[in-house]
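Heads up, there are several structures right after this.
The following pair of complexes shares a single chain, chain A, combined with chain B in the former and chain C in the latter.
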Partner chain A sequence: MAPVHAAYAPSLDKWIKSLRSQSLEASIESLIYLLKRRQVKGDECATATAHTLLQVVARSKWHDVDQLLNRVQSAGSRLARAAPNEPVIGNIVRRVLGLIREEATEDRNIDDDVGSESASDIQALTPVNAPNQQGNRPAPTPVQTLQRAPTGLAGLQVSKSMFNLFSAAGNSDTPLTGASTPLSQAQPASVHALRSEVIEGIQELMDELSQADDQIASFSDIQIHPDDYVLAYQPSKTVERFLIKAASRRRFTVLIANSEPIQPGATETPYAVLRKKLNSHGVTTINLATNALMAYIPRVNKVIFGAKAVYQNGGVLVDSGAYIAAEAAQEFLKPVIVLGAVYKLCPEDPSDETVISELGNPSRFVSYANGPEIDALEIENTVSDYLPPSLVDVYITNLGPQSRPHLASILADHYKVEDIGYSLHESEV
Partner chain B sequence: MSKQAGKGGAGKGKKPAKAGTDEKREDVLQAVIIADYFQDRFKPFTLDKPRCLLPLVNVPVIEYTLEFLASNGVQDVFIYCGAHSEDIEDYIYASTRWSPSSAISPFSSLEFIRVSDATSVGDFLRDLDKRGVIAGDFLLVHGDLVANIQLDAALAKHRARREANRDACMTVVLRSVGDEPHRAAKARGITPVFIIDPDSGRCLQYDEAHPLMSDRRTVIDPSVFDHGSFEVRSDLIDCGIDICTPEVLALWSESFDYELPRKNFLHGVLKDWELNGKFIYTEIFEDGYAARASNLQMYDCISKDILQRWAIPFVPDSNLMHDQSYRKVSGNCYFETGVKVERGAKVSHSAVGAKTMIKTGSSVTSSVLGRRCRIGQNVTIKDSYIFDDAIIEDGAYINHSILAGSVVIGANTQVPEGSLLSYNVHIDSEIQLPSKPPARIAVTTDSGDEAEPDVSLVGKGGKGANYEVHVDDSDSDSEDEGDRDPAVLQNGLIYSMEGLNISTLSVSTFASEDDYESDDDMGHTGYLHSGDSAGRERLSSFTSDDASKPDAFHGDAVTGLVDALRADDNEDFDSAKLEFMGLRLANNASDTEMRRAIAVAFTRRAAEFLTPEHGSLEPSKAAEKALKDKNGAIKFITDVGVGGDDVRQQAEFALAVQKGLVSVRGLESGRAGALLAAMLQQLYSLDVLEEDGILAWWADKRASEGETMNKVKEKCRVLVEWLENADEEESDEDDDE
Partner chain C sequence: MTTETNGAAAPKDAAKNAPAPANPSTAPVAAAAGTNPEKLTPAQLKAKAKAEKAARRAQVKENRAAVVAAEPAKKEGADGKGGKGKGKQDGQPGQSKGHRPSMSGRRPSFPGTEKEKDVRRGIPQCFSHVPMAKRIPTSEAHKDVHPAVLVVGQQMATFAIKDSISRLEATMLALRKVIESYETPEGNSLSRHLVPHVLNPQIEYLTECRPMCFAMGNAIRLLKAKINSVDINDPEDEAKEDLLEWIDTLIKERINLAHFVIARTAADLINKGDNILTYGRHRLVEKTLLKAKETGKEFSVTIVDDPYDRGGLVLAKSLRRADIPVLYSPNLGGLQLKVATATNVLLGGEAIFANGSLNAASGTADVAMAGRKASAKVTILCETINFDRERVSVDSLTYNEIDPERYTADSFRLLFDNTQDKYITGVVTEFESGGGNSPAQAILALLRRQEDPLIA
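Now for the complex of A and B:
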């Protein structure tokens, strides 16, 4: 009976578990509402988006690359619109779109390559293309007849098991087929291959998401030196891991800045778990309130932020209050290090709304019990801050430390030009 | 009773994994939404639409409730509808998100239950008990709830308590708001008072306080003191979320006359704790948002809170409805797509629905505008709520009002604070709507007929007539009887004690006159401290299940006595006395209530003589006439009104007379004081009251509580001094002898 008492409230884990049992539409819809209700947020969005797109690729019906791209785009933009303040969603969608394009062209390329190769091989036997175009001409080899069959059956919607059989044969056997089929009517064999390749690609992407923090942490001992004073502003999971990893190698001091006012009645000091872990490695920790931060900056060697998103111009979306810390660091010429995995790197400039920043619940700063204040004041609690590129010195991605000019090449490696221009928020597919 | 079998069954089968297998069934969280309130507070808007479909920041209220349930992982939902039940059902079935047949509904089942002869929330819950559809713990919420709190922790605690003790049957979810509460807490007319054990969270007693109570006092049951430590808290918002076990429904069934979940049920169950042995706990949230749009003032507050993002994620730019497209723009505004704001128009702190047009020179602050509204030039809109398709022509001025769908306001018309204009009302141009009391205008009447346009109100080209709020209508119910007085406070959009006198006129003379002493404070606190039986008796009469009983007694008794006093014939007062005693027995009224009724009757009669219709008598004459006109009246006062020679009882009666005078309508305090002095003097000379009694009253602190009381009392100084001197002289004489 023990697990019966599990929580009822929906969460990302529950959603992932329910994926199998729910229809695709229902899963997307329930994720949209999880996003709207902020029950899935931050880094979780990336994982959730990847899961959704995996389902879209695996379960929706599509017959060619364009259809698949459409499906992914429409599902992606629905998610992105549900959480306009989570740019990571758009990044994942673009990554998957890029992946599909890549696989598709790769297929074509392989086909083309193989086609030309085989063509040259076969040239001796048959004139290029022409015979195949005519269709059911008696084939020179039994293999070729086998290969023709799936194409012919494509319109007839071969049952999947059959389909597997043929395509598997197609892949493992001679790649002769490619040459014979025109690209425009994507044949089931390649559709299926594409499907499995894209799925594989998305799974790799998901691995990348889950490993990103560890990979970033592995660069920690390069950045943090013995006897450093490191200021961590509201350490995110990524920053926590980074610090703990560094603590296993180095002796240093961590100043944990926290802008959240301590709630009356709160029993735990903030970041108690992190402090405990760091202390167990012999690293000293000091908790700071943000307003005391300025006094410590001269003593600090470096400042670390966890990014919510990194824009192509080098600007960074961070927790609210970080801007002041970054300003102060710049004033005292202390390096500002931003931790952000590659998937947080957005191939676009921040919108005006990002710079204005999302507003949160004012109750974080003014208690509901404080009636007169609420009536008299207009309270804006920003959830995030935008750090302009000039305030950031080093970006540490899971590929290693980068400088600003280098971001462009990472972007170019990970996104396709076609997808960068595609705006997720406005498309109403 | 008829059951509308929802299409919920179909939904259940669809998602087997969600609904779970049979043994997992118990693990599913169920919720019951009460979507009818048997109240008039939202009239005239609720003439056309059920309350839970009224737009709150352009989203029907019930959407918030359903979303709250979904965010807490509720699987099965039962909705009880009363008035306009078809509308609610149609709405839900048409919704892509909530319809039970929809594949994307977060609930595995959603059923409507109709109870044809229900007159109160209690009837719904008794019906639910009969159906036996509730398997385990369930949430009981109202269809006007806006909350973003997460109940997981509270549910886990509730479960743990229930396993430890089967009688822990209910957890009431509350939100603490502190000493200086936010406007949402201030707006409520009724302040719930919870007496709670701070260690376990167990609720020991529940009462309600409201500003119309004269004493603002809650009487604590002596058994509470046996409990050890306890806290009395009136700083809590009761958002109407209850975590219940099925036993709660059984309790409802046992007490067939309980009507309201709080005033009757919670109060009653706690009071009879020794009988039923049930424990009720509270769960107090220190953060998060929870409130009920239970009246227009709360509607106003919650709308503002949503605009100021207190209720995240319930903010316009979350776009919880499928077809919404709000974006935050500068000036703390939320615009949907297609909003046109001309250059020169100012919009701030507002939400504006799609395709609404605001022309140049207009200013909109802290307001909510629906879709497709047309706002003309130089219009001022402040703190107002305007539903879809409204047309406001040039130069109009709208302040703190609610304008329902398709309302048309003519050019240069003034809509002052507190106005409520229902659907399709048209106001001609150049009209100044009344501000005291604010107008309530509807095009339909209670019976659903078209109202005859009231040209003097809405102008020549206008549509609609003044809508009178009838509290004692046959379709209005139970809740009104119980808390008629505070309901008056909650009726309008503006919370005002000032407006109260005006609105009570239409309610009933008795209710309003007795407001000031409805929950009398005739000195029983003293009894309570000594813990004797009188205190208990007083307590039980005040707290009895049928809350209307004491009031009924008071009203009937006073009317009876005044009629007897007015009667022209020279009949003996004995018949009136007999009638009075009969009433007393029938209602099991306490001594205090009798004393109060008698005092009120005589003072009212005496005050009548002061009025021009009765000859504008001098106070002394009036007092004499009122007391002496009838044979036996004095004896009646001595026997029943004072009820003994005890000094304390005499003082109580004098106090009752004083209070009676203070509460007489239209009697200014100077005159009241003169009359009081005259009456006391008469009573003294008739040997009803003795010196000691009057002096004890003079010394009593309660006699000088409040400004009017004090003023009235001061007028008696001469009398009291004379009495004191007489006393001294007497004693001097005694000494001389």
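Now for the complex of A and C:
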């Protein structure tokens, strides 16, 4: 059950503070509640997931790599199922899984080098793990593995024993758990070392999350030129950082699109902080009170979206209404720039649900006090849109501007082949 | 009025930053003084009267300002200097040219420049060319403005009368009252006097309240042509009767009949089981859908609304009352999926330009484009009185209006947008009976031939 203090003013910060004081299970549960209520959403999900997995690695009981992988997977899929519309959770889980595998393999490599028995080890293991293999030579196995890997790049730098690992994973019925990999034979003595290695790795990942926006922003002055008119569609924190950074170098005009009117109760104008910062640099800002942007597109030079997630095919999950804005931009041949850190890059194609888009609470727009006619109305308030890859001109990640064909190699650099196939929503706890 | 302000301000640079309010008063006063001794044509008389009024009003304003700040001393200084210099020559031409941004080329019928400037100062630079409706206190209106017109002007400025056809109808009815109460002065003829001396001030006032819509422009042009064609020798009563009847016919044929025909034609386009997608609320779309339901067709409607102007919700209610299944979307989110399931996109228009592009409520262009991309049929409903055969528009910033509620950088909004004809499958008007498959261009050509014998 969610702890009391997280319940009153739920926020990511509160939750992180509460991590120390409560059990692992309790903090996972309370995060699940936060996710389900959308009280933690968007980029925060990534940080929250990383924190959770760090706790899992540090505090749960595990004796070998397989157990660790299992623990991370089960915690990860619980979170992912709590917020199926937040693909970044899955990304972080996959990143951590990959990290664990890498650390474990490194440990093993060291062991192997020291023990200098790698060749016999492989020969001994291969027939056991791949009984359907006719020959007992290790050579054919890596070839097959590489063909299986969609990108082919992931395997290029791995050592001999890594090939062995892949082949084992590839041939077993459940490649997800890695239960039959040689890793299971890691020495319990190295568990302690592995734990600290993985924790360090996750902390590095958390640093990456926190620095991503700044890194993306550092590419802003290349994209934004003096006297540009830039349309920022419901700027996220990432986009805000990007614009502010550009403002320190350039004079331009920002049109901010608000797709939703200010709520009657709200007194301040939307994006007041962002606009104040931009104005202080001499950048003009205009809040557009519309989500029909076709009228303004001829005036603007480029359109910037903050991605919620970027899929393998180059499609982007964005705020609702962005699709039509991107379509309009394309009609007028204005570049569409998507800002998305590498951790938002999903090693999967968008599901049908993604394309159909998420529905939000309609009562903000239509009150049931409006009468029986409204009662009989079917109302859809879409809160997310999917941008097909054809509408995006450039993706700016924390590693720099990328074009769509290059996304595959970034994916290959950041995820392990085993984890790409891992479906968070289907696996059992 | 910028020209005038600049002209008057030039010689008195010494009185640096002479407050703006001083200018309107100085120039007209000088102008009035200058024209006094010469022979006075009616036009000059009128100009003089206007200038005097302007001066009076400016005086009132100055007094008001004096209460507020310690400005008046400065202002008097400016008056003394500026009054001499250029006022006489510069004032009038400057005024008559005016600086109305687009829709009318006329000078404002009241000298509220400084106030207008204050309001318009909030408009972001890149949209500063776009006109905006404004509320003019009735006390500041020109004295020649007829009470009926005054009311219509207020209603238009406050958007109580909003869409182009309602505005057209209200204007014509008000002008009808003006003509009804008109009596040609001694020594003048109706066809020469009515337009410049009576009608124009009304029209200027209306334009001041809110830029004229294209339907109003068309109708007023036709009305003026009609008045000019009145024979000088006709008895006045008969001529007036003629004009009143003409206005009645215009309303009957171009509005009421047009609505009926368009709704009927467009309703024929709806088939059983269709899903019709529409945007916001347009009078013709609403009439069409209700008409189709009346004729016994079963279909469903998807309403995509503008979250800043919830007309669609009103439409949704009215359709639900008629028992039409409605899917309501409060914004443009997920539009690509909604148009994909729609068989027909029905949109209403405010005006259609000579190049076939459509001027309609902001957001229409997005929906039309999405509809076209999804290969749905995009049908526009528009009365022919809204067709502008002289102007072309290629983007939404050419002919548009700023929402007077949202005109600052804090919140900015254009009322209309421009849909290029490539997104439009067909236009339904009251003229063609083909069934909404003809492009706007075809109708424009047809209109060119038909309009004059038909109405003027």
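The working rule: the second predicted complex is superposed on the first by the 341 of 429 C-alpha atoms of A that agree within 3 Å, B and C clash if a C-alpha of one lies under 4 Å from a C-alpha of the other, contacts with A are read in each partner's own complex, and residues count from 1 in each chain.
Everything that follows uses one rule, which is that a residue touches a chain if its C-beta (ideal position, glycine included) is under 8 Å from a C-beta of that chain, and two chains touch if they have at least 3 such contacts.
Because the structure is a prediction, the values reported are computed rather than measured.
Q: Answer with first, second, both or neither: which of chain B and chain C does A:Pro362 touch in the superposed model?
A: A:Pro362: touches chain B and chain C.
Q: Looking at the overlay, what does A:Asn291 touch: chain B (first), chain C (second), both, or neither?
A: second
Q: Counting only touches as set out at the top, which of chain B and chain C does A:Ala328 meet: first, second, both, neither?
A: Only chain C is touched by A:Ala328; chain B is not.
Q: Kindly classify A:Ile374 by the partners it touches after superposition: chain B alone (first), chain C alone (second), both, or neither?
A: both
Q: Name the contact category of A:Gln39: first (chain B only), second (chain C only), both, or neither.
A: first
Q: Contacts for A:Ser23 in the overlay, against chain B (first) and chain C (second): which applies, first, second, both or neither?
A: first
Q: For chain A, which residues belong to both interfaces, chain B and chain C?
A: Touching chain B and chain C on chain A: residues 356, 362, 370-371, 374, 378-381.
Q: Chain B touches which residues of chain A in the complex?
A: Per the stated touch rule, the residues are 4-5, 7-10, 14, 18, 20-23, 25-26, 29-30, 33, 36-39, 81-82, 84, 263-265, 353, 356, 359-363, 367-372, 374-375, 378-381.
Q: Which residues of chain B touch chain A in their complex?
A: 15-18, 26-27, 29, 67, 70-74, 97, 103-104, 106, 150-152, 155-156, 159, 175-183, 185-186, 235, 286-287, 289, 308-310, 312-313, 317-320, 327-328, 330, 332, 349
Q: Enumerate the contact residues on chain A facing chain C in the complex.
A: Going through chain A, the ones touching chain C are 229, 253, 259-262, 269, 275, 284-296, 298-299, 320-321, 323-324, 327-328, 331, 355-357, 362, 364-366, 370-371, 373-374, 376-385.
Q: Flag every residue of chain C that touches chain A in the complex, lowest number first.
A: Touching chain A: residues 124-126, 305-308, 310, 313, 316-317, 320-321, 325-337, 362-366, 369-370, 373, 395-397, 400, 403, 406, 409-414, 416-419 of chain C.
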